[in-house]
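For reference, the structure I am asking about is given below.
The letters A, B, C, D, E and F name the chains in turn, as written, and every chain counts its residues from 1.
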Amino acid sequence: MDEEIKLIDENGLRVDGRRFDELRPVRIEVGVLKNADGSALIVQGRTKILAAVYGPREIHPKHLSKPDRAVLRCRYHMAPFSVEDRKSPAPSRRETELSKVIREALEPAILLEKFPRTCIDVFVEVLEADGGTRCAGVTAASVALADAGIPMKDLVVGCAAGKVDGVVVVDLCDIEDKYGEVDVPVAYMPNKGLISLLQMDGILTMEEFEKALNLAIDGCKKIYEVQKAALKRKYDFTEKLKREADKSEE
Amino acid sequence: MKNKIPVSINREHVLKLLSKGMRIDGRDLLNYRPISINFEVAGKADGSASVRFGDTYVMVGVKAEIGKPFPDTPGEGVLLVNAEFVPLASPDFEPGPPNEDAIELARVVDRGLRKGEVVDLKELCIVPGEKVWMLWVDIYILDHNGNLMDAAALASLAALMNTKLPEVKVEGEEIIKTGKFKPLNIKDYPIAVTLGKIGGSFIVDPLLDEEQLMDCRLTVITTKSGNICALQKSFSGTFSQGDVLKALNIAVEKGKELRDLLFSSFEKFSSSKA
Amino acid sequence: MDEEIKLIDENGLRVDGRRFDELRPVRIEVGVLKNADGSALIVQGRTKILAAVYGPREIHPKHLSKPDRAVLRCRYHMAPFSVEDRKSPAPSRRETELSKVIREALEPAILLEKFPRTCIDVFVEVLEADGGTRCAGVTAASVALADAGIPMKDLVVGCAAGKVDGVVVVDLCDIEDKYGEVDVPVAYMPNKGLISLLQMDGILTMEEFEKALNLAIDGCKKIYEVQKAALKRKYDFTEKLKREADKSEE
Amino acid sequence: MKNKIPVSINREHVLKLLSKGMRIDGRDLLNYRPISINFEVAGKADGSASVRFGDTYVMVGVKAEIGKPFPDTPGEGVLLVNAEFVPLASPDFEPGPPNEDAIELARVVDRGLRKGEVVDLKELCIVPGEKVWMLWVDIYILDHNGNLMDAAALASLAALMNTKLPEVKVEGEEIIKTGKFKPLNIKDYPIAVTLGKIGGSFIVDPLLDEEQLMDCRLTVITTKSGNICALQKSFSGTFSQGDVLKALNIAVEKGKELRDLLFSSFEKFSSSKA
Amino acid sequence: MDEEIKLIDENGLRVDGRRFDELRPVRIEVGVLKNADGSALIVQGRTKILAAVYGPREIHPKHLSKPDRAVLRCRYHMAPFSVEDRKSPAPSRRETELSKVIREALEPAILLEKFPRTCIDVFVEVLEADGGTRCAGVTAASVALADAGIPMKDLVVGCAAGKVDGVVVVDLCDIEDKYGEVDVPVAYMPNKGLISLLQMDGILTMEEFEKALNLAIDGCKKIYEVQKAALKRKYDFTEKLKREADKSEE
Amino acid sequence: MKNKIPVSINREHVLKLLSKGMRIDGRDLLNYRPISINFEVAGKADGSASVRFGDTYVMVGVKAEIGKPFPDTPGEGVLLVNAEFVPLASPDFEPGPPNEDAIELARVVDRGLRKGEVVDLKELCIVPGEKVWMLWVDIYILDHNGNLMDAAALASLAALMNTKLPEVKVEGEEIIKTGKFKPLNIKDYPIAVTLGKIGGSFIVDPLLDEEQLMDCRLTVITTKSGNICALQKSFSGTFSQGDVLKALNIAVEKGKELRDLLFSSFEKFSSSKA
């Protein structure tokens, strides 16, 4: 483990064979849970996350409610078996922080003022963590919100960039995150062109940062297409079912 | 938002149906919903499986860690079962430490695995009194539409069948991982079958709506040879002695069905990997 | 400890000299605490348990109350000095489970519908644990409920059966529980003939189980006589006191 | 259900009585209720005792465990006092971790035992810096009708007098229990006496009803030779300097009475065992 | 550490050169925090404590309020870096007890009945602990209460006495507390001549105790002068500012 | 009691002021309040400092303990940052474990110190795999009037600059303190600058009142050589790409100012000690 780990090979390819600007394969499924009002599964490389939305619903205790808008609550949580060493299910400080930044990343996209005195709960459960879980969590949560029928100004997409072996790259996997130099997670509202999550961890020059930010935003735009396709797949299908049901009733 | 009209399930209506041998979803009293068992669903776990009974969806991950044995069993590994009722699974689940339902479920699954002798804990010893394998069996409820107990027990057994332990060598004081893995040695296949009592009828694999009408339930865990290895009565009703014996007989029979399904699913999985 | 422990001797007698179907001596005292609305002490072999009942009383927080019946709450708890190695007073998972099964064992016997919007609290404190504590806890709690004047359909009695050294026996002591093969705790309503607690831990054939269940129920019936005698002792005495008081007032 | 009419204890009435030297239960100001001390009441403990002051009922169990000493006292054993206000003892006690009253009680009892030098902690050392005896003194309040502090302190001392430590041999790195036991060596017998101040009067052994009327109280723990080893003022009232000195003198006197009672009870117990 | 530590030298002087009846230098500053309704800093030798008061203010949850008076709440807390070995910020049993005795020491001096249904919060934060923190905490808290304008019958002053190397002394520093024989913390209302906190820890004869109590009360009286001077300094200054402001407005 | 009329800060008014380059307290948009930095403010800590930005007041204490390294970095010491939002600092702070704001603050300060490479953790190793220095950086918020993040980061760095480690010798299995101390070796001086966005304007060092009006904020931590080592966006608003780059440039510039102030304060302190 203390050995020098080579993260970029002689051909400029990354540990999993990707180019610097290449995303891992992303798959999104919509409406995968029955009880939740909205849900989505995202598989990005080996990262696997379930997001579920409950609400708008009553909030307890009531004094937490707001007279003019819904309260958005968010819990980012890792399954004990999602990481190399078993993680205690009690929320860690890291999980508490990520719950906050994910909530703040989603909040500007949601029309919370439509549902005063209620709350909307977003649960992000990491089933397998292979890097980029907060970004993939945002991506999945945003789709789950749409699936729950919550009115939104835009979808929110998450994608990280970073620096490994001196090269600025997009969408770091676990090993790049761990042994690389820098991680820059970003969440982006593609239609508005606005950044709603931005963190960084490691040293970049101003130029490198600008490059990383561009790569992350490009990544977000690509993943946005996957989000849209997934939603369309479900709702086309639903529409189709509905039309058939209508027909059969005639 | 889904249209969540709380369908007031009419107890009288359900009882009438049951008296005719029918269920609200059209099943017979002693039929399970469609069951699917998937293996290796969580790549960072040392073993994992998920089980669906209709909409009920449970995932289990097994992690093997090297730790110290308990002082009173220095020559045995440790099996630890934990259940999380993850709040995305139900509007009634809340974040926080496991409540009494989650604790009961974990402890009943634990008794089934332990008393059903799924794993010989002695085989999990590395250096007696010093280093043993600790197997964490983490039950993750992902969607709750009834009968969590049977689904969790089945998923836990399936995850153990799918578990591979790192091979280790002992060199002096150190434990060295060789980089190879060997599957866990499974000794028996105990299956949990929960019988719900509504009025005078027994049903298996209750829906959540049915659970809310149930007088009580009896979870019966039976081994491959048809013996009983664990029982748990829950809810506030009662059983007659006759009820109990009847329930046991059903459980042995249904246990066989589920065990066969588990074997065929595992075989399908194994051959797809080969 | 790793030595072979012989639990049944050549004469078929158990470690404490009992026959397979013999209970340990059982003693029950009623009304042993002043503050509690009802209380009972049970000594079964070396197992020693206090049970106390408070209620029907107000429930806090109020939203836990039920409009049509009392809420029954139950806490099974072990004193730190009740077991071989000191037990932390924080409730263990085992205590949480036993609190639940004891509550569910008592609940069918109580006319909860007589006291809507209230709660009834049952506290079971194990002072010395020598096997069979959940069953003795049920037995004592049921007497404490009667002592508190809570209307009941029947008393509830607890008694375990099990298998040690291949023999099906009744009322296991600690050493039999620890080194024996199987434990089958049962709670029983003797007049109704109904089972309200049933657990099992260990391998039995169907025939062995049936035998164990019969032994446990027979045990319950015997302990029921002790319950009745204890209650009669207190209430006869109370009646006597009352009659004398009435007389002296004349 | 008992008929729990909250008897509104009239402060004026109580003060009037006190000014005449009388209490609501007929006692004199400086008299205790009937006291009983029982030894060896919890068979799995290494020492135990229960104390009743009228309806107040406290049990204490002592457990001896082998553990590591604190780094700054490598040659001393460890004494740990914990108090549980068990919810069966009072409608006002709630399940959960000890509240400030329980913590204060445990800490005052602890100071009495420690500063009163009941046990020489050096005698509890097995291997300096490595293995020492840890004595857990667990106070269990079972019925609360006032004056928990004195009852708990008395029961704790009685339980220690009744404590037997396993005899151990050190062989290399291992601590081996010989199977024999030896009684704990008790060095002094500190007794806690709590003086309650109501109006201008001092009382001992207050009932719960009296405690609710008290301005404040002073717990005084005195050793066999009549010295003070611990004090604790509680509640929100005040004492004059004269009050304090008066209280100390009463406490020394009453402490002797209780100590004599403890000795005679222990003797009776010991001879009944012989 | 196991060496014999000499706490009184051949001239009868203490480890820090003080005579038996000599206090450490005491400095009090009033109104040192902006947000708090009242605040005070005390530096006594190397002991350094901040006290702050909030209230009278609303109490949550409301059912804790009293119809006829304010509820006084108090938290004594030590900064993790205030002691030799880092202290976990979670409240210890010692901190819980001291919070109680400090509250009970302050309570008789405050006219709580003036503010029914409210609460007054007193926070005592130990920044550096060099002995006597509960007493210095009482001293500072009482000044902070005055600074918050809470009406009081008297100030409350804390000062300990004790016995080190066989000598009865006043105002123990950390090393005297740790290696000395006895500590007697006292809180005193100087105008009323009443004791509102009294604890003791260690063996004293009746005569020694009386001597210690006298020393502690004398110490309280001296520190009372420092309290008054500190309050006067602030309020004179405030008055002066106000007068100047009034003048400039003319 | 202070007269706490909740001054309803009028957003429109503030925006109007800002559009003219003005702040509610008369400052320019990119000016800090008066800053004071004090060193060695907590005598029992191994290093300490306090920072005031106007009324905002933060104290940091560093404690060095000898402990075990993490298994995956056996040759490195451990840096631990914790923040307490002490309830005396604000009517809105409550006793209890750190809430999400306190956790975020501690983690961002931690990232700044760690990624800014303030301390070479390898230099904190005593015996690889066995004994290392653990540096606890405890942030104590004492008075809250906005911009806690920058004040806490600055105070943490200042406290580390003021930290002296006990010198130790390894003799066999034992670690012996020689009684001497040596200052911690500081490698870089990362400075946190938080930019608040209100309407279209950026401000630095916001007052609490301004924070309540802010759309969002970006904390930028920059190293001595002008590189970025940590970023944290908070609050529920958004930034454009242009916003972010503008913010970074301001942060580099302001970081230099603060760093110079830190150096001159430390020099003044050091010479006062000499």
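Here is the rule we use: a contact is a pair of C-beta atoms (placed from the backbone, for glycine too) under 8 Å apart; a residue touches a chain by one contact, two chains touch by 3 or more.
Not measured: the values here are computed from a predicted model.
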Shared touch partners for chain C + chain E come out as D
Under the touch definition above, the chains in contact with both chain E and chain F are none
Between chain B and chain C, the Cα-mean centres are separated in Å by 29
Dist(centroid_CA(chain A), centroid_CA(chain E)) in Å evaluates to 52
Distance in whole angstrom between the CA centres of chain C and chain D is 31
Taking each chain's mean CA coordinate, chain D and chain F are separated, in whole Å, by 49
Expected list for chain E, residues touching two or more other chains, is none
For chain D, residue numbers touching 2 or more other chains are none
Contact graph of the chains (line, ring, star, complete, other): ring
Ordered round the ring starting at chain C and going to chain D, the chains are C, D, E, F, A, B
Per the touch rule above, chain F residues touching chain E in the complex are 1-2, 4, 41-45, 48, 55, 57, 59, 61-63, 65, 82, 84, 86-91, 95, 97, 136, 138, 140, 142-145
So, in the complex, the side of chain E touching chain F is made of residues 33-37, 39, 46, 48, 50-52, 54-57, 75, 77, 79-86, 89-91, 121, 123, 125, 127-130, 148-150
Per the touch rule above, chain D residues touching chain E in the complex are 72, 98, 100, 103-104, 106-107, 111, 115-117, 216, 218, 223, 226-241, 243-245, 248-249, 252
In their shared complex, chain D is touched by residues of chain E numbered 1, 93-94, 96-97, 99-101, 103-104, 107-108, 184, 189, 192-206, 209-210, 213, 217
